[in-house]
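Each chain carries a letter (A, B and C) given by its place in the written order, and its residues are counted from 1.
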Amino acid sequence: MNWSPMLISLKTASVSIVITFFLGLYAAKLVVGMKSEKIRIFIDGILTLPLVLPPTVVGFFILLILGVKRPVGRFLLEFLSVKIVFSWTATVIAAVIVSFPLMYRSARGALEQVDKNLIMAGRTLGMSERRIFWRVIMPLALPGIASGGVLAFARGLGEFGATAMVAGNIANKTRTLPLAIYAEVAAGNMEDSYGYVAVVVLISFVVLSLMNYFTIRGSKYTDKDVSK
Amino acid sequence: MSLEVNIKKKYKGFSLDVNFQTNGEYLGILGASGSGKSLTLKCIAGVETPDEGKIVLNNRVLYDSQKNINIIPQSRNIGYMFQNYALFPNMTAEENISVGLKLSKKEKKLKTNELLKMFHLEDMGYKYPAQLSGGQQQRVALARIIAYEPDVLLLDEPFSALDSQLKSELHSDFFDMLKLYKGEVLIVTHSREEVYRFSKNLALIENGAITGFGKTKEIFEHPKSLSEAKMIGCKNISPCEVSSDNKILCTDWGIILKSNNIPEDCKYIDIPSGSFEIVNEKGANTIECKLVNVVEEIDKYTIVIENNNGYENNPIYFNINKETWNNTKNKNELILKINDFYLLK
Amino acid sequence: MFKLQRMHISKLRIREGNVKMKKTIIVILMLYMVINFIGCNSETPPAEPKEPASKETILLAVAASLKNCIDGELIPMFTEKYPNITVDATYDSSGKLQTQIEEGADVDVFMSAAMKQMDALNEQGLIKEGTMVELLENKIVLILPKDSTTEIASFEDILKAETIAVGDPDSVPAGQYAKESFENLGMWADVEAKASLGTNVTEVLSWVAAGSADAGVVYATDAASNENVKVVTEAPEGSVSKVIYPIGIIDATTKLKAAQNLTEFLQSEEALTIFEKYGFTARRKK
C-alpha cells in the first residue's frame, strides 16, 4: 500500500489544526466580547458559513480569491512567483477553511458557558481582564475548546471536495487520503482502498475517544470525589 | 465612612431609580426578587453601569455620569459577595482567598494562612470548592473579599444558597466573622429576619425605587407608610378614613377605632397580629367577629376572623398561644380588643 | 390443561404466520407481474402498420458521448430531409447498448464510441454484412488555458508545464489514452509525477480552464465543449491507439431502406461538418 496519501494527510491536518486552533479561539473570544447583538449575529453567520456550504462551493470561493485568474492569485503569481493553487499549501488552506467553523463554534460555546458571575467576581477582586481570561475563563473552557480542536482536526483530515478543486490530485504532493480512497474506488480497486479506509476508521476512533476524554475531564472541577 | 448612591438605569422592562446614603453602620436593603436590589449592588461595584447618576464612596467618586467618570470595577476597591459565592472552581480555597491580594508571594502565604485560621478553615486550604460544604464555601467567599480590606462590603443575599436549617446555624457565625471587617457593609436580602438581625439601617426597595428608609428597628416597630408595612410583613392592612372626633373608620373591615394621636394624612391602618386580645364584653376598640379558619403553626395558632358586619374580602389574622386558644370557650363568636395599631401614610 | 392451551395458542400463531406469509408472497407476485407488464409495454415500440415507404420509425442506438450533436442537430436535419422517417434514439454507454442488442432489442442502427463493441456484435453476426463504417475518430489532444503564454507546442513539451491535468488512467478512458501516449513517448513516469489525476474528464477540463493546471490532456470533443481552453496539438501519430466511432446496421432490422438512408446521411459531408464542429475527426471515404 502506498503510504504517501496518509503522510500527506497527516502533514496537512497537523499544520492546519495549529492554524485553525488559534484562529478559531481568537475569533470566538472576539465574538463573545462583542457588545452589539446585531453585529455579533452577522459575524457569527459569516464565520459559520463554510460549515453549511457544500465543500465544492467552499472550493469555488477559495478559487475566486486565489485562482491564477483572480486578483489575489494573479498578484501572488506575478510579483512573488508563488502559485497557491495545486500546491501542498492549498491543501492546508482548504483544510483550515472547512474546519475553522467547528473550532470557532466549540470555542465560543465553551467560553460562553463559563458562569458570568465568576467573571464579575474576578473584576471586583481586582483581576485584570487578561488575568481573568487566562486564570478563570480558559481553564474552565479548556475541555470544550480542546474537544473542538479534536473535531476540527478530524474534519481537516477528511476534507475532499474543496481540496480537489483547489489543490488538485497530484501524487506525493496534494493527493490526500480521501482523494486516494475515492480514486481507488472509482477505478474499481476495492482491495487497495481497504488499507486506507482502515487507517481512517482507526483515526476516527482515536478522535472520538479523545473528545470523550476531554468532555469527562471538563467535569473534574465539579466532581466531589476528586481529592488532591 | 460613607457611601452615596444616586443612580438611574433602564433595565429589561423596569427602571431603577435609587437614592440613598449610608452613615457607617450596616445597611440592609430589603426587597422582593426582581425589585432591583442586586442591580443596585452591581452598579456600586462597577460590573453594571447606570444610565446616569453618581456614586461616591468615602469621598471618592466612583461614578459620575455628568463628569464622565466611571472607574473600572478592578479599581473601586469594593468587596462583593455573590449569591452563589462565585468561587473559582479551578482554584483551591487558598488560591481563591489570595486572589485579590496584591502582595509578594511570601506575604500572600502568610496572610492567607491567617485568614484560613480566622475563618475556621485551617485544614481545608488545599481543597477545591466542590469539596467544601455550603457553610465552608460561604466562609471562603467572605474571607476572599475581606482579605484585601476593601472600602465597603456588598453582600448579595448571602444566605439564599443555604437551606433553612443551615441558615439559622450560620447566622451568628457569619455575623461574628463579619465583625473581623472594619468597614461598612451593605447587605441585600429578601428575608426580614436577616435584615432585622444584621443591619442597623434599612432601605426598602420595590420595583426599582426606594420606598422606605430609616433605622431598622423603627421601621419594624412603627412602619409609617403602606409599603413599609407590607414589606415588614404586616397582614392586617386596610384603607381608613379619619373623622373629626378622633375616630378612624377601617373601610375594609367596617371597624371604628378611637385614638388620641392621629397623624395628618394617614390613609391606611395596620393592626399587628399580636395586638388582639380575647375579651368577654364589648367596649372601646373592640370588635365582634366570627371564626373563619385556624392555622396551626409550630409555636402558635394564627386565627383568621371576619368582622360580623359582613365585610368578606379582607380577613383579619391574629396570633394567640396554643394554651390560651384551647382554653377559649366559644371559639366561633369572639369579641376581640385591639390594643395597638399603626396609622400609615 | 394449561400446557395444552399454550400449545394450542402457539399453533394458532404459526398458522397465523403462515397465512401472513402467503399473503405477502401473493402481493409480491402481483406487483412483479404488474411491473413487468408495464416494463414490457414501454420497451417495445408500438407496432406500426406496414405502409409502403411512408411513416416509418427506426431505432438508433448511440454512445452517450454523441448525444449532443446527434440529438441536437443531426436528427432534426435528417427528419427535414426524410419527413416520413422518424428516428427514435437511445443513448447509453457502448457496453450497455451492446448487451441490449445481444438480448434482442429492436435496434436498427448502432453507433459506438469504440471498435470493441461493434467488433463483438459483428463476430456474433449481428451486424449486416458490409454496412459497418469507421465513421469518426476522436483525437487525444493537449490543451492549455485559453490565455496561457506558456510555450508548449507538443506532447513532448508538456514537461515544461508546472502542473499537468490528466484523467485518472485507472478509471477515466481519456486518461488511459493519455497514459498510453506518454508511455510510447517514454515520458509517462515524469508526467505522472507532475500530474493531477481527475476522476472524470469534466474535472480535468475545469482545472485547465481555471488555470490551476498549466496543461492537460483530453479528448478533442471534450476540449471543444469548453471555451476556456485552447487545443495546441494532437497526440503524435502512432503514439496512441485510435479512438474510432464506427456505425453499422443491425442484421435483424426490418426497415433496411430507412436504416440505409440514415447511415448514408450520417456519412454525408453535411453531417460530417456537424461532427467536426463538435470536435470529432471525420474519416472521409477517399
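Basically, a contact is a pair of C-beta atoms (placed from the backbone, for glycine too) under 8 Å apart; a residue touches a chain by one contact, two chains touch by 3 or more.
None of these values were measured; they are calculated from a predicted model.
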item	value
Per-chain Cα centre nearest the global Cα centre, belonging to chain	A
Taking each chain's C-alpha mean as its centre, the one farthest from chain A	B
Inter-chain centre distance, chain A versus chain B - centres from mean C-alpha coordinates, in Å	53
Chain B and chain C: spacing of chain centres that average the CA atoms, whole Å	88
Gap in Å, rounded to a whole number, between the CA centres of chain C and chain A	42
Overlap residues in chain A, where contacts from two or more other chains coincide	none
Touching two or more other chains - residue numbers and ranges from chain B	none
Chain A-facing residues of chain C, complex	147, 162-163, 165, 168, 170-171, 192-199, 203, 206-207, 210-213
Contact footprint of chain B on chain A as seen in their complex	115, 117-118, 120-128, 135-136, 139-140, 221-224, 226-228
Complex contact set, residues of chain B against chain A	42, 45-47, 72-80, 82, 84, 86, 88-91, 99-100, 102, 126-128, 130-131, 144-145, 148
Complex contact set, residues of chain A against chain C	63, 67-69, 83, 85-86, 164-166, 168-172, 174-175, 182-184, 186-189
